[in-house]
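Okay, so subunit A shows up in both of these, paired with subunit B first and subunit C after.
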Partner chain A sequence: MTAVRGRGARTVLACGEVRTCLLPSLQALDARAAAQLLRLRADVPVRISERPVLHALSPEVLTGVDCRLPTADGSRVRGVGTVTARAALTEGRLLQATACFSLPAAGPDTRRPWGQYLVRPGLVEPFGKLPRQATAAGVLRGAGRGELDLGMISEGLLAQVRRHPLLDRRVPFKSGPTRLRWVAWRTPAGERAALVNFTVAEGGLRTVELRLPEDVPASAAAGLCEDLALHDWLLTTVQHLLDNSRLGAADGPSAVGALYPVVVHLLHLWMPRAHVDPALGHLWDALEDRPGFSRQWENLSRRIRDRLALQAVAVPHQALGTR
Partner chain B sequence: MLIFSASDKGGTGRSVTSANLAYHRAMAGDDVCYLDFDFGSPTAAAVFDVADARQATEDHGLHAYLTGEVSEPARIDVWAETEHQVLRFPPPGCGRLVLMPGDVSGGEFATGDDHLRRCVDLLMNLHHEFDLVVVDLSAGRSYAVDMALEATAQPEMRDVTARWLVFHRWTRQHVAAAAGLVFGKRGILAGGVERGHGEEALRNAIRFVRAAVPDPESPLWSQVSPTQSAWMRKTDGDLKQLASTHGIGYSQVLGSVPLEPVLQWREQLITDEDVLDSQVANQETWQALSRLAARLTDDKHWEQA
Partner chain C sequence: MTGAVFQETTAELRTQSVPLAHLSLELGHLYMEDFEAGPARLREHFAEVRIWADAVRASAARRSKRPRISTCFLVDDYFTRFSTPAELVPMVLAEAERAGLVIDYLARESACAVADRIELAESVTHRLVESPPPGSHGSRPPVSRTGWLANGERTPAGPRSALGEVKGWQPPQETAARNHSIFMDVELWSERDGRRLWSCPFLAAVWQLARLGLLRHLGEPVLVPAQWTGTDFPQDWDRLPPLVRLTDTAAAFSAYRTCTLLPNRFLAVEDAVRLILDQTDVDAGALRQVAERSAAEGMPVPAAVAQRAGYVFYEEPGGFSEAGET
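On to the complex of A and B.
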């Protein structure tokens, strides 16, 4: 077993997928309920932090895999090992599920007993040499049939949590889920982590590429990507609500009715970096610089407040008019 | 809100009318999702003109999702993927229009617990995302109908408004068959009650839609002989009588769509361009579809008859 630990302990690539959605519950959950919801394992407690926002993180659960790795160039590489998955709940409102794993540069050509894979949670070993570029591109593109599918594992966890009897399975407003796929290239320890790429594709898909020093654990990258995904979801959702240009028109939905849930449930959730590993916190700066996440959010929240203020001004006018 | 589209027979205009209703609602600003549960003969891709996108989603449609082969069914954004000249430029202010295709190769299958759970999850998630979810079910008392009844009877779906449209053509056979599909011994109503639906509530959630109804007064028939004209009027009257004796009379009908030559030739969406610019489609058809689309969510039309 020591041989296993010693060999291949260095990983060259970490990948993951985060799904983000509104928790199907009319009321936001408090810390106690959040802990109950995310208790995926009896032996490990749920991590709760209440400052600066309520954040609950489930213990990690493992999924054993033995299948082809997703590759963009069609090369067939078998991978065996375990994928870790975890769920997170922010302010008792936004639910996320992440599945991720790391890959060493090469692995043995034969399959070993399961016990040896189980002692290295979150590691998937390729048979032979890992085609690094093709695998990274394959993960970002999404798995095909029969390939290691991170989306399936994260979606499965999300579905499991959403079915929890604690939830009334009702939502205060309509919103779509988003998925964020990420890959992190390992760089020598001591180098500075960097955000190489952040793209917004159609159908709620986002992709992120990182450079991650070896001394920073993959779970920190997962945490960063959860944070990015959460704030991207907020921007996407609120923007979509405001995009309905018939909002408040005579035959459209009333502005107050449509915007009220945003004010009650979402506006206070903006808190970038709140639960990001300090070694990765600076990656947010790039996004704040361009495209400017927080700038956009401020702009959106201002639009909503102005919209509601205008409505409030109009109401007494109408009341006077109808007298 | 969930809308289930059912019909006893094929060729009742169920799919094409449902797709047109989805289109109208999306144009009116709703986020709409259209699910092709017509396993065996999925047609929605043709109606929305998304054949190429359909090819790309070949083996991960609804069928593959329900059988657990993929974690989520493929989605086609109709505005973005359509090859239809008019649909490609939706007016500002319209909502999303998403198609979830069935699988070409996927036939009917027995419903098991896993299928049911996945079906409930899907309907719940879509209900949380979209204003309107239109589910096109295979004709007859199919597995698709059973699954829809079973899924909506689950306790977690109790608060989700689900309404049923039963499509039929305006002939003796079709009227009788549509009534049989709902009120028959093995009908939707009996099947629903068996699965835990309240009879009264389910009955109030079902409305009929008469499709391809020839109007004896229409200019289409202006050239027919007086005998033919008299015969058409008489038959139309008889049919109304027949419908009401079968319990699907006026009060149970959400609307009717007139016989539309364009739809006789081709399953397609009727756009305002077809009506106003090229004028290949009739104004009445557009209006009927628009009325029907509005009534889907208008409680006045769903009150106890």
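On to the complex of A and C.
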């Protein structure tokens, strides 16, 4: 661990939390409106990418913190620095907010002038040595009272964006938000990044563990986790809508009505790795192998399409018109 | 995404670089009361400044054999409008020349609020990241909404105990205090008739960021100097570009470091400027460019932005200080 106190100190752990929800707007936003919505700073542009899906990424904003780091074993370590947060909008429909920071292996025992933290955005320095395992486990478990709270920061940004006057605060269908917490263990540069774990827990909580080479920025890991969270949200939400529509039992216009929003708003959003850093694109492969995210999605979409096709044959046109 | 065949320019962030001198030396800052005191006051000012300017040049020569130094002068046209460029600028230049000083760049103070239709001051407010007092775990709002910025925790407002017990006075606390606090709370703006009036320290902080080459708008440089070749200056301040180059100097307006020469009554203002700079998250691309280029020239800048600004405070020359304090 050389030069941990230097300006370009190496980080050993990156962590973050992504919150994903449906944009509270009856209409999906186009690129221009998306840029307006996510303009968190007047002097930094919103990054807009229209291919293969419309993706808008806000500038990063910083939150200063000076508090205990979340630790699973109760060890008390004070951390000082900044947490970066950003918001993303996909196809003008799915809104996400990520808060993340990186940690070096050790830091000075005193608080330094604030300007010195600000020139290294997204870095939180521990006082003394970082208990790496306990901190990673603590982040995945979630912050305790008075501990650095990534969920609060990402939720705060999400709430700020949702309050934007551009939005009519109406949703085309009901859905729940999801949270995805992630940690990335830093590995030597040149090694291949890896997905160590993806856990679907209760209450809309997902956790991800990555191995991330030093030469890949933490923002790339954040981008990957946003992509994972987005597709996990799609699977979760569509599955839920299908369950509620009692596809097997119900028939007639009610089932069609329940499936209509899926077709109109969600089916075209499935586009894994569309905006993932090329160094991390292959991490999707593990999830495609097992449990097979895309296989499940294809299966769900097929069921919906088959159902609607059957309906179209059985019922005259007016049923489809009722949404 | 990097190294890809397919690219979308709207998906990328780029920060254009700006030319940089070694040192930006400010020779003065003219307010209405200085102007009203007549040319003699300017003459005294420049005679005093000349001495310190020479000292600053000698200091810069210790870092580099051929230091690139640009000089600048700021005229207040924001808080009070007085005189005209046609009348004032030639007088300033003549008095500077009499003292053996050359002013390379002249700026209007209102340029720190809005320049070329870009709201510079407003943009900088979005970049304020308050220094978190111990215990801040992410619940504080990221940007000051009150228009005040402090270097610590304020005295709690009023008795607020739910049980009705009256709490005694509690002192404010400087976050970076060494044993004892020096607490400071700076007003960044006020509202008047629905219009925001920026405070002098806040505009001065924007001015420092411009001189340090750290301001951008959507990745493009701002406050780019316009060359002034004509001899006749306009009758109206609005017709003078926000920043003009008056000489054919090769030294750029922005620089790795700044040095500002001021009468000592400005000490509090500049202390407030440092407080603001210390809590400003500047453009990361611009920050990197300055760090890399200064290091390549063997004169790396201090990591913290506020540390790059140097000052000389001097006693206002004979008999004029009283007039300035009104």
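By definition in this document, the second predicted complex is superposed on the first by the 298 of 323 C-alpha atoms of A that agree within 3 Å, B and C clash if a C-alpha of one lies under 4 Å from a C-alpha of the other, contacts with A are read in each partner's own complex, and residues count from 1 in each chain.
One rule holds in what follows: a contact is a pair of C-beta atoms (placed from the backbone, for glycine too) under 8 Å apart; a residue touches a chain by one contact, two chains touch by 3 or more.
These numbers were taken from a predicted model, which means no experiment stands behind them.
Peer 1: Once the two structures are overlaid on subunit A, check if subunit B and subunit C clash or fit side by side.
Peer 2: fit
Peer 1: Angle subunit B-subunit A-subunit C between C-alpha centres, in steps of 10 degrees?
Peer 2: So the C-alpha centres give an angle of 110 degrees.
Peer 1: Examine A:64 and indicate which partner it touches, taking first as subunit B and second as subunit C; both and neither are also allowed.
Peer 2: Once the two structures are laid over each other on A, A:64 reaches subunit C alone.
Peer 1: Is A:170 touching anything from subunit B or subunit C once the two structures are fitted on A? First, second, both or neither.
Peer 2: first
Peer 1: Is A:278 contacted by the first partner subunit B, the second partner subunit C, both or neither?
Peer 2: second
Peer 1: Between subunit C and subunit B, which one touches more residues of subunit A when both complexes sit on the common chain A?
Peer 2: C
Peer 1: First (subunit B), second (subunit C), both or neither: which does A:111 touch?
Peer 2: The answer is second: A:111 touches subunit C but not subunit B.
Peer 1: By the touch definition at the top of the document, which applies to A:152: first (subunit B), second (subunit C), both, or neither?
Peer 2: Both subunit B and subunit C are touched by A:152.
Peer 1: May I ask you to decide whether A:229 touches subunit B, subunit C, both, or neither, giving the answer as first, second, both or neither?
Peer 2: neither
Peer 1: Could you look at A:41 and tell me whether it touches subunit B, subunit C, both or neither (first, second, both, neither)?
Peer 2: Only subunit C; A:41 stays clear of subunit B.
Peer 1: Could you state the shortest Cα distance, in Å, between subunit B and subunit C after the structures are superposed?
Peer 2: In this superposition, no C-alpha atom of subunit B lies closer than 8 Å to one of subunit C.
Peer 1: Which subunit A residues lie in the overlap of the subunit B contact set and the subunit C contact set?
Peer 2: Touching subunit B and subunit C on subunit A: residues 149, 152, 156.
Peer 1: Touching subunit A in the complex: which residues of subunit B?
Peer 2: Touch list, subunit B to subunit A: 29, 31, 59-60, 69-72, 75, 77, 80, 92-93, 95, 121, 124-125, 128-131, 156, 159.
Peer 1: Which residues of subunit A touch subunit C in their complex?
Peer 2: Per the touch definition, subunit A meets subunit C at residues 7, 40-45, 47-51, 55, 57, 61-68, 78, 80, 82-83, 85, 99, 111, 113-116, 118-119, 121, 143, 146-150, 152-153, 156, 275, 277-278.
Peer 1: In their shared complex, at which residues does subunit C touch subunit A?
Peer 2: Per the touch definition, subunit C meets subunit A at residues 1-4, 6, 8, 10-13, 118-119, 122-123, 126-127, 129-140, 142, 175-176, 215-219, 277-284, 287, 303-307.
Peer 1: Name, in rising order, each residue of subunit A that touches subunit B in their complex.
Peer 2: My answer: residues 21-22, 24, 145, 149, 151-152, 155-156, 159, 162-163, 169-171, 174-177, 202-203, 244-246, 252-253.
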